[in-house]
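Note that the chains take the letters A, B, C and D in the order they are written out, and that residue 1 is the start of every chain.
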Amino acid sequence: MSLPPLHAAADAIDQLRAIGREFHGRSWSLGTSSNYSVVVGREPLELLVTASGKDKSALGRDDFVRVDAAGRVADGSDRRSSAETLLHCTLAEMIPAVGAVLHTHSVWGTILSAADLSRGSLRIAGYEMLKGLDGIGTHDTVEEVPIFANTQDMVELSNRIKRRLGGLDWRSAERPPCHGFLLSGHGLYTWGRDLAAARRHIEIHEFLFECVARARSLPAADVLAPHAATRQQWQMQQQQQ
Amino acid sequence: MSLPPLHAAADAIDQLRAIGREFHGRSWSLGTSSNYSVVVGREPLELLVTASGKDKSALGRDDFVRVDAAGRVADGSDRRSSAETLLHCTLAEMIPAVGAVLHTHSVWGTILSAADLSRGSLRIAGYEMLKGLDGIGTHDTVEEVPIFANTQDMVELSNRIKRRLGGLDWRSAERPPCHGFLLSGHGLYTWGRDLAAARRHIEIHEFLFECVARARSLPAADVLAPHAATRQQWQMQQQQQ
Amino acid sequence: MSLPPLHAAADAIDQLRAIGREFHGRSWSLGTSSNYSVVVGREPLELLVTASGKDKSALGRDDFVRVDAAGRVADGSDRRSSAETLLHCTLAEMIPAVGAVLHTHSVWGTILSAADLSRGSLRIAGYEMLKGLDGIGTHDTVEEVPIFANTQDMVELSNRIKRRLGGLDWRSAERPPCHGFLLSGHGLYTWGRDLAAARRHIEIHEFLFECVARARSLPAADVLAPHAATRQQWQMQQQQQ
Amino acid sequence: MSLPPLHAAADAIDQLRAIGREFHGRSWSLGTSSNYSVVVGREPLELLVTASGKDKSALGRDDFVRVDAAGRVADGSDRRSSAETLLHCTLAEMIPAVGAVLHTHSVWGTILSAADLSRGSLRIAGYEMLKGLDGIGTHDTVEEVPIFANTQDMVELSNRIKRRLGGLDWRSAERPPCHGFLLSGHGLYTWGRDLAAARRHIEIHEFLFECVARARSLPAADVLAPHAATRQQWQMQQQQQ
């Protein structure tokens, strides 16, 4: 992993602004929801995080705050970083290879995380698109996306995340234990070695969430007439006879 | 709340035109539906409202009308303001902090408002995105979005709105009684201290409407096989064995 | 109705090209489907129609053909007009106020027209958005959108349309008998006094098709737990207890 | 079919970059998924294929690799072509008229290909949009889109494709045996005599996949009340009485 030096932060900011416009356009970051960060230093850990409550379709150059490992503002400004800054810091500290963290609120992530909270994770299995996640080389696998009950207490949530995920092997050169997690009724956190990788992980997770949700609603094929692929085609065939 | 002075109206008009293009693109303001307003004076109350029957994807600088508290044209022009102008005035008068009112017609708002009319409100509970509404600081809450039966009689509807909502405490510095309402089979009214806040409230409501509607259609997880997250994954696993 | 003079055709062509880009972007005119026309003369009747088989996202200035009332090429070119040209001519001849005809292929129009073919029409009732159709002033009404069984025989189909719709009163200054029709498994024809009105009618019909289809899939509210608006919220409430 | 000469490759590259932006925008090529190719020579066969693992929203001029009939890099570069290059080569070799091959990952294609794998094909019948596929002149037909079980072994998959499709008549001037195929839980391969035709085939297949999937979820009309087109309209009518 190559960490961006401090003078690379301007590039990162422009990339984050473009990501904000894109994700807002896709309805993944509506209404000042979502927060994004990049790791700008490792010794000591420093992140550049979106400021609190900003419209992601129109992030300005000044809508970012530098924070330390505890989530405290470290750039001398009086801007407030996002309320969920601590989760970004927790992830960056727990996973050495993290260069960027992205958090989005999509409809599919929101409703699946609520529906499957009692299972503890969202199970995604057998899809080719899983190969877009770092270290996965086949569709013939299962990804369990951990789901945490939502809360407004970031310290408590951060501790819960560390208890559940902190003991796992995040240094393996192979596949990491997971590539993101869900907060119930809330949304997705994912990350990557750099912003491009984190953006790719967002796209992959969101695509798979939509697949899982839509597949659940698809009637089983054998409910339909045996020689018709859809009920409607069956009706059309009847009418044509 | 800082009210825009009269000479700020040009800015508001350009913002409203951009909102029109955006909402039309999102299919929230198709076919000359929707109407938008900003409060341009408080003593006496004056609003700038979209003219009647305009294509929201191509609002011109002259497609706005200044009206008084009774919804009468106040700028000496012969333009007609939107047929629903009176509702904008009613809201601006009832809620002191209102700087802008936005009304949209989305598919989800349309069908949920019809489906839940008999309950009197659409209940939205437990979603993190609720925090995007003014004065809400936790997901652990319930927002009841009032639903009014649709009518073409704006005076009667305005009176119904005042009877149901007028007696509530709109001056509290805390959370307001509600952040918008639905007309059944019709659409959403929401507002904010300025246009940015009203646009955010549109995005939040529309996102939540989609969550509520899609969550209703999602099969309960326990209908599925115990170890498979979806019926389809279960079938795929069967085939792989 | 003011008919565009012949020298106004260049404007109409540019508007049609913009409509093509917009409808392709909305997935209403994918894969060279759809055809559009404007009436450029009434005595004798002449239309400007999209040429056959063009990509609607990239219509060129020369991708239009002038045809006479029988659908024959009337501009001396060797371009072929759309295979469905005759339907445009039939509509322009049958309805005196028609200045433009638009035909789109959307997913919702396709599946509803197949599902409801046996009823003979798609019934749309009670939606505010109906007011976007010419001559409708209230939501409290029913619009029956005729559905014709699809065919490749345009002469036969044109005759069927004339038999069913030709005898109706299309000269009334009030509400016309209908504002469009569906071909089963195929798509929507609608029209207007000019292109802006026809485009508005496309948007209104497509919006309403989506409402009707999605409302059919929405579970009845009383299937859910009495105090929860959605099954998922009900589950979330259970978990919080 | 007119094959593009080698010096036309620059044009093809710019068209492929535009297709990448478009398909990424439509969520058909998210997260470095998908791969695209054009045939740049026939004797011997050479293809220009997207390089491995590229973000399709931002393909650069150098993100393409020239390969021979066996999928080996033929331009002396050290770029890796897509992992699925061999399938592009197999198709280009098997079907003489192929000038371009496009492979996309859409949600509908993903879930339908998984749902119908056990039938061996996805059946699409009766839709007008089928006429957008080469050689189909009527809606009154059936298209069987072959479904192959997904694998990471491209040689084995290529052989399976050749066994099932290789013996069919791909030289007929009439309708080809099929216009694309699905890999289960993975996505669509389609092709055309040139890039425009292949792009059109993508749009047609994707449109039809969405129709088939949504039609399956649409409740049968006769489940609803006899005089109401939707359950919701029926409820609205009840309330109005």
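We adopt the following convention: a residue touches a chain if its C-beta (ideal position, glycine included) is under 8 Å from a C-beta of that chain, and two chains touch if they have at least 3 such contacts.
Because the structure is predicted, anything quoted here is derived from the model rather than measured.
Q: Counting shared numbers against all numbers at the contact of chain A and chain B, is it over half, same, or under half, different?
A: Different, since under half the interface numbering is common to both chains.
Q: Taking each chain's centre as the mean of its C-alpha atoms, which one ends up farthest from the centre of chain B?
A: D
Q: As a multiple of 5 degrees, what angle does the CA superposition of chain B onto its copy chain C give?
A: Answer in degrees: 90, to the nearest 5.
Q: Mind checking the centre-to-centre distance between chain A and chain D? Centres are C-alpha means, answer in whole Å.
A: Whole-Å distance between the two chain centres: 28.
Q: At what distance in angstrom does the C-alpha mean of chain D lie from that of chain B?
A: 40
Q: Would you give the residues of chain B that are in contact with at least 2 other chains, written as numbers and ranges?
A: 111, 114-115, 118, 126, 140, 185, 215, 217-218, 220, 232-233, 235-236
Q: Using the touch definition from the top, list the residues of chain B that touch chain C in their complex.
A: Answer in residue numbers: 27, 30-33, 55, 105, 107-108, 110-112, 114-116, 118-119, 122-126, 140, 150, 152, 183, 185-187, 212-213, 215-218, 220.
Q: Using the touch definition from the top, list the residues of chain C that touch chain B in their complex.
A: Its residues touching chain B are 126-129, 132, 137-140, 196, 200-201, 203-204, 206-207, 210-211, 214-215, 217-221, 224, 228-233, 235-237, 240.
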